[in-house]
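Chain naming follows the written order as A, B, C and D, and within any one chain the residues start at number 1.
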Amino acid sequence: MMLITCPHCGPRAQAEFTYERTVDSVVQPGTDPAGAMERLFTRANPRGLDDEIWRHTFGCRAWLVMTRHRVTHAIEAIRAVGPEALP
Amino acid sequence: MSGPQRAGEPGTIRFTFDGKPLLARRGDTLAAALLANGIGLVARSFKYHRPRGIMAAGVEEPNALVTVGTGGRSEPNTRATDLFVYEGMVARSQNRWPNLSFDVGSILGLAAKALPAGFYYKTFFGSAKRWMFYEWFIRRAAGLGDAPNAADPDRFAQRAGFCDVLVVGAGPAGLAAALAAAEAGERVTLVEQDRVLAPSLVRDPQELDPAWAEATAAQISALGGQILLRTTAAGYWDDNLITLSQRLAEPGQQPPNGAAQRLWHVRAKRVVLATGALERPLAFAHNDRPGVMLSQAVRTYVRRFGVVPGQRVIIATNNDDAYLTAAAMRDAGAEVVAVLDTRPAPAGATSGFTVHNEAMPLATTGARHHLREVSARVGGKIVRWQADLLAMSGGFTPVVHLHMQAGGAALDWDDASQSFLPGAARQNVTSIGAAAAADPIGPTPPPENSGKAFIDFQNDVSLGDVDLAWAEGYRSVEHLKRYTTLAMATDQGKTSNMAALGRLAEKQGVAIPDAGLTTFRPPYTPVTMGLLAGRSERDAGAHLRRLALYDVHQAKAPTWQPLGYWKRPRAYPAGTETLAQAALREARSVRTAVGMTDVSTLAKFEVSGPDAAALLELICATTVAKLAVGRGRYTFMLREDGLVFDDGTVWRLGEDRYLLTSSTGGADRMATHISYVRQFLYPQLKVSAVNVQEHYAGIAVAGPHAKTVLAALIGEEVPRHMSTVPAAIGGVPVLVLAASYSGERAFEIYVEASKAEPVWSACEAEVTAHGGCLYGMEAMEFLRIEKGHLVVGGEIDGRLTPHDLALGGMLNKAGGYVGAEGLTRPALTQTGRKQLVGLEALDGTIPEGSMLITAPGQPAQGHVTAAGLRVLDGGSIALGQLNDGFARHGELLIASSPTRGLIARVRVVAPHFYDTGGERYRD
Amino acid sequence: MTDIAITQLPAAPLNVLEIWSNPLAVLDRFEKAFGPSLPPLGSSLQLPGRLLIRYEPAVWLVEGETIGLAEILGSDGSLTAIGGGLVRVRLSGAGWRSLLMEGGVFDAESKAFAPGCSAATVIDHVNVRLLVESDDACLAYVPLSYARGMIHFWTIAAKSLD
Amino acid sequence: MTKYSALGLLRGVFNGQSHWQPAWRDPEPKASYDIVIIGGGGHGLATAYYLASVHGIRNIAVLEKSWIGGGNTGRNTTLVRSNYRQKPLHDFFEFGLKMWERLSDELNYNVMFSPRGALMLGHSDSDMAMLAQRGDAMRVDRIDAELLSRDQVAKLEPQLDMSRDARFPIDGGLIQRRGGTARHDAVAWGYARAADQLGVDIIQKCEVTGFVRQGDAVVGVETSRGQIGAGRTAICVAGHSGHVAAMAGLKLPVESQTLQALVTEGVKPMINGVIMSQSLHCYISQSDKGGIVMGGDPDNWPSYAQRGQPMVTEGAIAQAIALVPALSRLRMLRTWGGVTDMSFDGSPIIGTTPVPNLFLNGGWCYGGFKATPASGWTYAHTLATGTPHALNAPFDLGRFARGDTIDENGVGPMPNHR
């Protein structure tokens, strides 16, 4: 069980988080249908680092993007996304 | 006199073994107590049912497994060496019939030559049934103890722990490390699997002794450190998470506080492994008899438990440590017949014992509870001795299991000790003490007859089996393990892995570190399943979700219906009514008078802000912005792939405030979906979407009298169909939505859940006064099927488009909703797709879930998603999905359920059976 | 057995206060009206008649009075009532920190989790929000449907604490 | 090659079992092959065997980066069944189930296929309706399925908690009596031995590091043991499909996730068949050695680590004990993780790719073991003829963009929602 450093709450157990999808599968509004399906239905799925979208679902509920290694599970970077985080 | 025995008092704790009453001293393990009672034969091996005794004194014991406890507390396969005797303990031997001394299964030992490793892959051919015939016998011969035959009466606790330093093992090294950390002001947790601190100091008191251990522990505690005895670090996971299993009671013992064990999830900043080392057995013929023990174990029984496991002992060793055992036995009054040292002279020369150098045991013979004779090759000749005990030491294997479980960790080969030592690690973990270094050993000669030279004792794997696997091409260490079952027993290869690796390396002609290494997987020692399940009792880790009005319903003794983690009233049977009778009565009440039901579990989201409509037009595939304040409409939602995944209603409560409802089962999924769209895709929107599913309890009132009931309740004009007004009932503010799922004029009353009870009572009084009654989910199902309303999980099964569900006309023409792109995929508009239809029976009752076929033997063209009846007139009707269903109205089909032997002829019709013009919604 | 009392408190008015734009201006207006600023994530602010607890980056839970807040938010945020859906359970007695470790994953025993601190976490699979009231008491906001199950869980767990 | 038989074992009594030959050779790779199969798991080895035995193509190499059968073939819970609701799935798996029934004889290697029955429990009337629907869909296509009452379930598996006040009370079940378990290692070894006998080169410790291209087409592979030419190249590395396909520039509808499983210490027989549930996410069976083998949902987040989150297993065990209370005092002996190819509709992918000469077999999610014979058979057909067999045609790579997904659970494209 990973220890994930939530940008808002600090280090918390993975059990508080849920994985949503990879950044490369996000379909941004206004994408052409073929491009949207290409993004929705494929993943780079590297045996290495990838950018993933997680949510601190059972904590502060904020969305996060983390760069994580798929073999070591090491989290190289993590950032908050969504509405501007308040001071 | 021969065999194991104890001098002095036998002890005061009463226990039984195989029904025989015995006495133990306080602090005895079962193994110690059995030896003290002269019992050497304790178990039978897995495959050949060979007689086995006690080999070790710790968790590595492969042989001495017993079942302990009774009823639901009965624990099979418990190591007698890891079980402290308690008053009244009931222990039984296993894997024998009719009894331990005379075990019919031991005839398998006679056939051993025909049953080598992997024999079952080479025979028992023929049909699967034929294999199952043989398998029946194999399954009964296999296994070890019996599973309990009752539910577990105890609970298991689970707890989180956090510390700066977790020290595993309270031996001298672990205690010192824990003290140093505590003195440095760190938050320390120290765990020890034994029930005493530093058991090795009890065995070998030198400059440090048990009193030092007690004093050190006291200092650690005084500095705020936490010391957990009888606690095993079982698993090492990501980011220094360690799972600990803590025994609060011994196996089979009634726990003092209700919890038998506690599972800890400990997150440590740093981990120190002081896990010690395990002694290796030597491989020679019949090295598995009762009376052949590990050298340090013999010493432990003598020094810690005051039990002398034999009177005439042969020591066989390749290292110096075993001489301490010789000394301990001599001190205890036993005769040290000879020390067989594999090393050349002068090893052991100054020990004062009769030492034979370049000597290795050849074989043993034995009596029931101990050995009779040991033979050995000494230099070039064979020598025999009368001896009842053989203490062996093949060197030491540092316990690197946790180090390796940590992932990304390395092992370094140490040639002098012929052992793997912990190397670099990715996680913040270090190993110290005997876990990090081992003393040098001499040669370990291979046995002259490998057939009965066991290396994996429990699974009866001999060096001969390893040789066979090699000859047959199973040459990777993993193939070897899997083919021979080596290291797959309950001791997980703690005493066998190194011997197997050595043999494999010999065959390959490489050094041991080049022969490969198997993966170390959690747990270090087996962990009780109930402990892992932990937490609440029998709840499958899923608390029941209770309605706000749970007690109100419960008082009416409804039939409950599970839905996800919820339970909702399914019907309220009166008197002797069956469920079906009650549901029909309730449904008829709605059609003819009025009924009320609890709709609290529906997903609800309050969406407010200037961009509320914009967000909702992303979530909903219908238009929203055009709704007038106070109005509502039906809506549905698409996944990004364009398929419908939920439906509900959306209401405009104020200029920029909306209420969205959707299905109960999809509530969490919808909450995530809305949050993803709002927070991730459109963070710039000025909108707040709050999950108010549990804030509001919901009461639906439906039927021709619903309007009258509502007028009486709110005392003002009731909203027209698909309108909403705020109101109050008995002074409690409510929100009234005029929406209908039943097909009748109906209202949903939403009230803050904590204030729901008086509102419910007021409604019930009014409904009853108008000749109505409560209705449950079953009646609701009848009503909605007749009306042709959809249900998520039924008609909306995540595989259909809005067009397939006849909702295409409601799609927001402007697009822009989530799923619009996915909906353009070519196959979603092709012919032959499943489409929503109604079905009416020409005869019989349409079975729910049945297949729609044109004729018997033909493939399915669709299926029945929900079956009901015409509530007032009777007659079986249903909704279904049918290939090209829209174009097939009027066609006759068969609804066939072979699993239930039910069949009905049906006509395909439009999916509306009641009030198709919607007249009943109008006032 | 550790001394812990588990008490369900009567329902209180609870509102979600969410800010979606111009946060600094909202904070400014809040300070002008009430003096102190809106509390940061993981903490709370007790004002006369109302308690504000920040559990999410842009969301505060307001317990008690909401008068004046709508004006402060203006068009930069909104208030939504959620009090019906949460049950307040007070864990009091010296052992509350140990009790929260049972079935949990959050370090309630940390000294940093001091009076006034708040945290949302998962206990026995249930999403619970915590507010440290004092060294001897912690308030848990539990979803209504799980409340009875959680109180049962805590009652049983308290019996086998060290 | 020595034929396996009881007589052979008896002969071994007199010669110390010394007459047995290696089950497969350890050949050096040749310069090129007609077909190179990447991946020496059950599926790859079965593909090689059927290419050689059915299609007469024997100039084949199976390249395995480690040791054969060491990936998901050796890490699953060994269940074999065809009880799927969706037609393309149950037709495919039923074809495979029929192959299982005669596999030991065909391979002269006892794979211990034991049709002990695959029982799926229902915990409510709606569960029972879903089970009936699944069973009816199977029966209409002539696949065995039987709906069981509470009493029948109780008789079949006496250890189940049949009490009415259970958290998830048992209302009945759907059984496929022809379903059961098999010995996973034996499947890999049996296919390997049989394929080897037909001349297939099984090359272990040979990792593919890239593809050799001629224009768009793949004409060989780069490996840790040098370049190997290939007429056709077959990816068969479920768990790592995305990684290998990426070497050919392909992005797949696959995400690799960990699936954990565990086994308890052995006990005398207590579970008769395979127990699954319509509402809960655990599956339980007992091995011939006596260990209770069980698993649950995948870890639901991407990983190639063969290492999971302990709380996921703990959750599955809690469910299993709710169903079978007597499991409580058994002990978990081992837990392990496999890397699964989670596809975006829950169904496998077997067929051609946009890259000429390159074929794909993957996306097995956590259901690949039972498919081994059918997967090998249909993949061999696809490789030999260049076009898919009718059974695997629906499982093509293009179905996602086209909209023809085969979604057994109806949950859509996010594998972690599955």
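In the analysis below, a contact is a pair of C-beta atoms (placed from the backbone, for glycine too) under 8 Å apart; a residue touches a chain by one contact, two chains touch by 3 or more.
All of these numbers come straight from a predicted model, not from anything done at the bench.
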Partner chains that chain A and chain C have in common: B
Give, as an integer number of Å, the spacing between the C-alpha centres of chain D and chain A. 30
What whole-Å value do you get for the distance between chain C and chain D if each is reduced to the mean of its CA atoms? 48
Roughly how far is chain B from chain D, centre to centre by C-alpha average, rounded to an integer in Å? 21
Residue numbers of chain B (touch at least two other chains): 160, 237-238, 241, 265, 267, 407, 534-535, 539, 541-542, 544, 640-641, 822, 825
When you check chain C against every other chain, which residues touch at least two of them? 20, 105-106
Set of chain D residues in contact with two or more other chains: 305, 307, 309-311, 401, 413
Taking touching chains as linked, do they make an open path (line), a single closed cycle (ring), a hub with spokes (star), an all-linked set (complete), or other? other
For chain B, which residues are in contact with chain D within the complex? 46, 69, 72-77, 113-116, 119-129, 131-132, 135, 138-140, 142-152, 235, 237-238, 241, 243, 263, 265, 407, 451, 464, 468, 471-476, 478-479, 482-483, 485, 488, 490, 492, 519, 521-523, 526-530, 532-535, 538-542, 544, 561-563, 639-643, 645, 669, 793, 797-799, 822, 825-828, 847-851, 853, 859-860, 863, 896-900
The chain C residues in contact with chain A across the complex are 19-20, 23-24, 27, 38, 40-42, 55-59, 105-106, 119-122, 127
Touching chain C in the complex, chain B uses residues 155, 157-162, 248, 255, 257-259, 262, 265, 267, 534-537, 539, 541-548, 550, 565-566, 606, 608-610, 657, 685-688, 690, 692-697, 751-756
Chain A partner, complex, touching residues on chain D are 240, 242-243, 246, 251-256, 300-305, 307, 309-311, 344, 400-401, 413-414, 416
Would you pull the chain B residues touching chain A in the complex into a rising list? 160, 237-241, 265, 267, 407-408, 426, 640-641, 672, 675-676, 679-684, 821-822, 824-825
